[in-house]
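Structures incoming, each one as structure tokens.
Both complexes below contain chain A, partnered by chain B and then by chain C.
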Partner chain A sequence: MHQESKTIVIQEAGKVGKGRPRLTAARIVPIALFIGIILSLGLTVDNFFTVNNGINILMQSAALGFMAIGMTAVLITGGMDLSIPAVMALGGILGSMYMRSGGDPVSGALIMIVVGVAAGAFNGYAVAYLKMIPFVVTLSTQAIAMGACVMITNSQSILGLHESFIDVVMSKVWIVPTPVLALAVAAAIVALLSKKSLFGRWLYAVGINAEAARVSGIPKKKVLMGTYMFAGLFAGLAAIIVTARLMSASPTMGQEGVVLNVMGSAVVGGVSIYGGSGSFVGAVIGAVVITLISNIMNMAHLSYYATLIVKGLVIVVVVAIDSRSKGK
Partner chain B sequence: MKHAESPAAKAAAFLREYGFIAILLAVIVGFSVSTNSFMSMANITGLLHSSVPLAIWAAGLALVVMTGSLDISIGSVAFFANAVGVILMVRQGVSPAIAVPATIAIGALCGLINGIVTVYLKVNPLITTMGAMFIYRGLALQLTGSRVISVPQGLRAFGNFRLGPVYTDILIGLAFLVVMHVVHKKTPFGRHVMALGNNKETADRVGVRVKAVGLSCFVLSGLCAGIGGLFSVFQIGAVTLQMGTGLEFTAIAAIVIGGISLMGGEGSIFPNYVLGILTLGIIENGLNHLGASPYVYPFVRGGIILVAMYADSLKRNGKPRVLLTE
Partner chain C sequence: MTAPYLKLTEISKSFPGVKALNAISLEAYSGEVLGLIGANGAGKSTLMNVLGGVVRMDSGSIEIGGKVVDIRDPLDASARGIAFVHQEMALLPTMTIAENMYIASFPLNKVRLIDSGKAVQNCKEALDSLGFSLSPKAKIKELGAGDRQMVEVARALLGDPRILIFDEPTSSLSEKEKNRLFEVIRKLKAEGKTVIYITHFLDEVFTLCDRAAVLRNGEVAGTLRVEDMTYEAVVKLMLGKSELTPERGASGARRSAGAAVLKVSGLCRTGVFKDVSFELRSGEVVGLWGLLGSGRTELVRSVAGLDPVDGGEIAVNSGGALKRIRPREARSWIGLVTENRREDGLLLASSVRANISLASLPDLLSKLWPFIDEKREKTDAAALVKRLDIKISDMEQSVGTLSGGNQQKVILSRWLRKNPPVLILDEPTRGLDVGAKGEIQEMIVKLARDGAAIMVISSEIEEIMSVSDRYLVIDRGRIVAELDSDASKERLLAAALGAGQGAKP
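The block that comes next holds the complex of A and B.
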């Protein structure tokens, strides 16, 4: 009996990934946006359809893509992680300070990852075991992490990263930069796991109906805890890329515009903020769309502020469409 | 909701309900003992003076929270409304008698837009107001050309005007909060706010115009943001580029510290909201007197809100869990 109901929930979860009719609008919007933007750029900008330019844009989306994957996992459970960019900045700063003081690059990178996972564990514990609201927990974590960044650095940049750290992270495999390759591999693995592994099924089940999932024997608390740690891990991976690309670390890495980009990537990628649906590949495509939007506005000589307005509008409109299609 | 409980359970419930008063007292005593200057008349009026803008700014948000919703755009709304107002005065030569009401109206309009998207288009309030936060901030920065704009000297004087030892804006702020309190406690609207926050379906069934009440709260939130922003601008003497950044966080912290649950249906302006604002003000003021670096504030504030949120979740977990039977 117990076993049966568990299977039903898991089957339900499996169906979501294969698309229900109500998901169509949310699925079509990102693809339409993506194609629309690419075409309009291709027609108006010289040399847009070149391999170099494509690689450039992918390179710029790499760190955002990692963070969007983490955010997506949390959104699927019906939660939200606003602390990802701040944790990324804190990890980057601590790892860079370690390297600046003569530490080896491998440990430096590990520190960034560990900081991310630790912050994720903190968020996960508060959400799963202390039953706190995800939004307020991660908003607090965000404030604490940003506060710590500013406190440690006195708002100064950390320079003097290990040469080999930058060289390895920014290296290329043939013509593809390593971060882009890493993102592609990570996205493929995570997408596969989300569809095929038990944890992946549990993730969607918790997001669809947490109470039913718990009753049917899914370890809801552990799933939630694991999800926030996963998001932290990907924040740490993003920290490695961002610090190597900037050749430094500073609190501005986690500024509020980045949260907008991460949320934007997931939402534009068709991930529902109501939990239970969304794909990781979609979120990575969303990250490319968001990067393209920033690029277009740059090329059109619009200010940074105008990009804030446009991205804010895009998020609200996409979520409004999602809400309508779900009748919430 | 009241059951016959054992004395121990009653004590626990009392602590959960009024724990914030104990925290406030502990903080006051702690700072009074550890610094010499904290318990002086000048410092206390200064503290109240600097708490006034936030107290007005977030009063509408408190009502939104009581309906069980959220508005994290109030910092940006105030920035945008005040940027328009100050630009009207400084660059267009419009008289303050027109520009000030215009500022408040723009705040209310921003709130109206948030409310329509949230209540009628049914977009999650967090996402709506997060989007709005960036949109209004973007608009304000575009308008000001990312420059600090100073207000005319007369208005700046108004912001720091005193009647004897007391700043006038303390009196105005107090009057404002009393009005909010009366609206909340003594009017049908206030009762509907609480009904909505307690249970939306039931409220709807007993004839509360759920959507109209929800929308009104958002408008009120924008309105209060506009007014609170004005007080802040008058005190500082300019619209700065950082105006309202992170304010949503501080405001939610104050609301939760005061014991207003984020689940809605609970809390009051007096004493909950006001004590929340004061506690936060006192902690920052006290840190200042201890000679802490300003870089420490955001860190401490983050820790405080986390503790307050934890207390809030305890309070919620203590309630009978009706949700299971849904």
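The block that comes next holds the complex of A and C.
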């Protein structure tokens, strides 16, 4: 029964005419995975199909979704940014320390954003102008940011955030938590800009063929620089949500498992690690899928390390499908 | 005279749709250097690939030292004493000279491990015998082009070959390094080896070779002793008798050129091109004529602001007067259609529409929003598709699915959409069928007639003659001649081959 319905989906995808982006296996897998997980959860877990539970999962996906949006932009250029979670943690810690010392919450949030953008500018400059490999640059940035986090905090959590900060960020619009709403709005705006704005069009062009883009007069270096700064901005936005939800900041916010989640969200969402293709909305859906995987494994009382194995395998499988469909 | 050491008889080879070699017969003697000359596509590479065992001939025979041999693969070729010194240097940069020389055949010690002492020793001897004093332990990446070439020669000599084939070995060498290489080749000749020397440069043939064979369209057009050789004679052989009369192609009478749109003065890039000056005027097509490896592509990439320059000035016409610009800014004034459209021209996976608008997205921004005006993008692209008669089924069709000719038209449309004052086309019809070729050539002429300033590079002399109003001839990074539209084929070819600046008239 299940098998049959899947085949139909794929056949129909094949029929989609020229022009429209074809539904490749890489796009179908996350959707199938998503539906599969929801169904199996719904059948095994009591009260799964409740509004509350749905909102809960979305709430847990919000920060991850922001980071996945940033990662997606970088992946589209053909690069990657491993420093996003660490930068998010550093921004969260610095902003929280500012608030703990009596600073106002708006400035605190701004600090988180500025730290993210600054780290992104560092990455972007190294990649675009010094022509360094994104993997090396962002791995180093990640190490620097993590080191700074631990040194600054002595591995302690920063508590005592401004209450109004937590209240505003964790508020609800009707029954929808603000972070979820914010993610939805951000994803919609970014998706629109990616298709219609000058920068968005340049972003994809650089990812599809950087040299052809350069020959056509597209400022490739500026596009790369801007992309990493964009990723930093979204790391900063994620920091606001994470610190408010945890009501504290600590270096563990940026631990290695988070990079896996961010990367996983993007690739499960159909973003190609070879650059040039992928959608931001897909990445956000990917973030929800990854959160669901974590959740279901939690409920099955599997350890954190078991979830790492599963998520690692999911990423490898999706990337393998992507590679095959590209004939690489 | 003694019998030839290498004797090729009636060798033919066809590839689908092309007769690459047509009954080629050629002889080479021990102790001689035989030059092999021919335009691109004349069959030089195919012939050498047959000798090297890379491709099998369809018919014909190869005799070495009086015995008929069958060369099935490259190992066979080296077993028969044939060795190559390639134009592309196939060395591993992070390894040492000794490691590179013995990479395929390291001397082993008793326990079957690499005997590096012996490798270094052997390497030292091999280098010494060439009169070449460098440490075998030096890394390849630390060596200059000339030294690398010597390592290639030394490696080729390892198996003590009797026949050595040099494929354009001097393309990246300085004058001094070139002379040293010639010394080595003369030494090999004195040792009785048979040397086949492939080159574009006639002056090298004059200084080095004993005889030269000229290939044309897969046939031997003629073999000349160097004493009897002149530029005129070689050019005649390269062009063939039927094509001797100068002909004017589609462009017809000379068009009247307008004001200077681009002025390049004293442009230099170390080791690539030197002291290049020229003007482009609106309404004219200038053919940049030079052989492969003459620096023509490198020059236009720098003029178009894609690659750096080390000196010189670029000025463009801005509001009636020539204004000096920084070389990097040239990209906004000059459109370049690159020679390899699939590599650095098209976004293959993207739509026809997106490919056409690619260079002019900032002009397509809506006045109300920071968004691209997709309606205008689409109508503009559709107008160009119609104007250039591009065969597509849908504006959203991906460019990768189009034929070569239509792909090239998409790139042309991209620049027409942006409409820069200067357009440079590098091999605009490469790989296209005859019909598409003609269409593109007509389009180039028409664009100039409408006031564009155009520069065209082509490997095909007929093509460059059919579109150009005048010619700049480039040879080894220098503009060596400026010729009028009435220049004959012979004159053009002789100029590109180095007549007038070579050793012999």
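The working rule: the second predicted complex is superposed on the first by the 305 of 328 C-alpha atoms of A that agree within 3 Å, B and C clash if a C-alpha of one lies under 4 Å from a C-alpha of the other, contacts with A are read in each partner's own complex, and residues count from 1 in each chain.
In this text, a contact is a pair of C-beta atoms (placed from the backbone, for glycine too) under 8 Å apart; a residue touches a chain by one contact, two chains touch by 3 or more.
Quick caveat: nothing in here was measured; it's all calculated off a predicted structure.
In the superposition on chain A, contact of A:F135 is made with chain B only, not with chain C.
By the touch criterion defined above, A:A320 lies against chain B but remains apart from chain C after alignment on the C-alpha atoms of chain A. Of the two partner chains, both chain B and chain C are touched by A:E211. When chain A is checked against chain B and against chain C, the one touching more of its residues turns out to be B.
In the superposition on chain A, A:E256 makes contact with chain B only, while chain C stays out of contact range. Using the contact criterion defined above for the overlaid structures, shared-chain residue A:S277 touches chain C, although it does not reach chain B. Overlap of the chain B and chain C interfaces on chain A comprises residues 211.
Within the complex formed with chain A, the chain B residues making contact are 70, 117, 121-124, 126-128, 130-135, 137-139, 141-142, 146, 245-246, 249, 252, 256, 262, 293, 295-303, 305-306, 309-310, 312-313, 316-317, 323-324.
Chain C contributes residues 306, 331-332, 336, 338, 343-351, 354, 358-359, 361-362, 365, 369-372, 374, 393-398, 401, 414, 418 to its touches with chain A in the complex. Interface of chain A with chain C (complex): residues 17-20, 196-198, 201-202, 204-205, 208-209, 211-218, 276-277. Those residues of chain A that touch chain B in the complex are listed here as 80, 126, 130-133, 135-137, 139-148, 150-151, 154-155, 211, 256-257, 260, 263, 267, 273-274, 303-309, 311-313, 315-316, 319-320, 323-324, 328.
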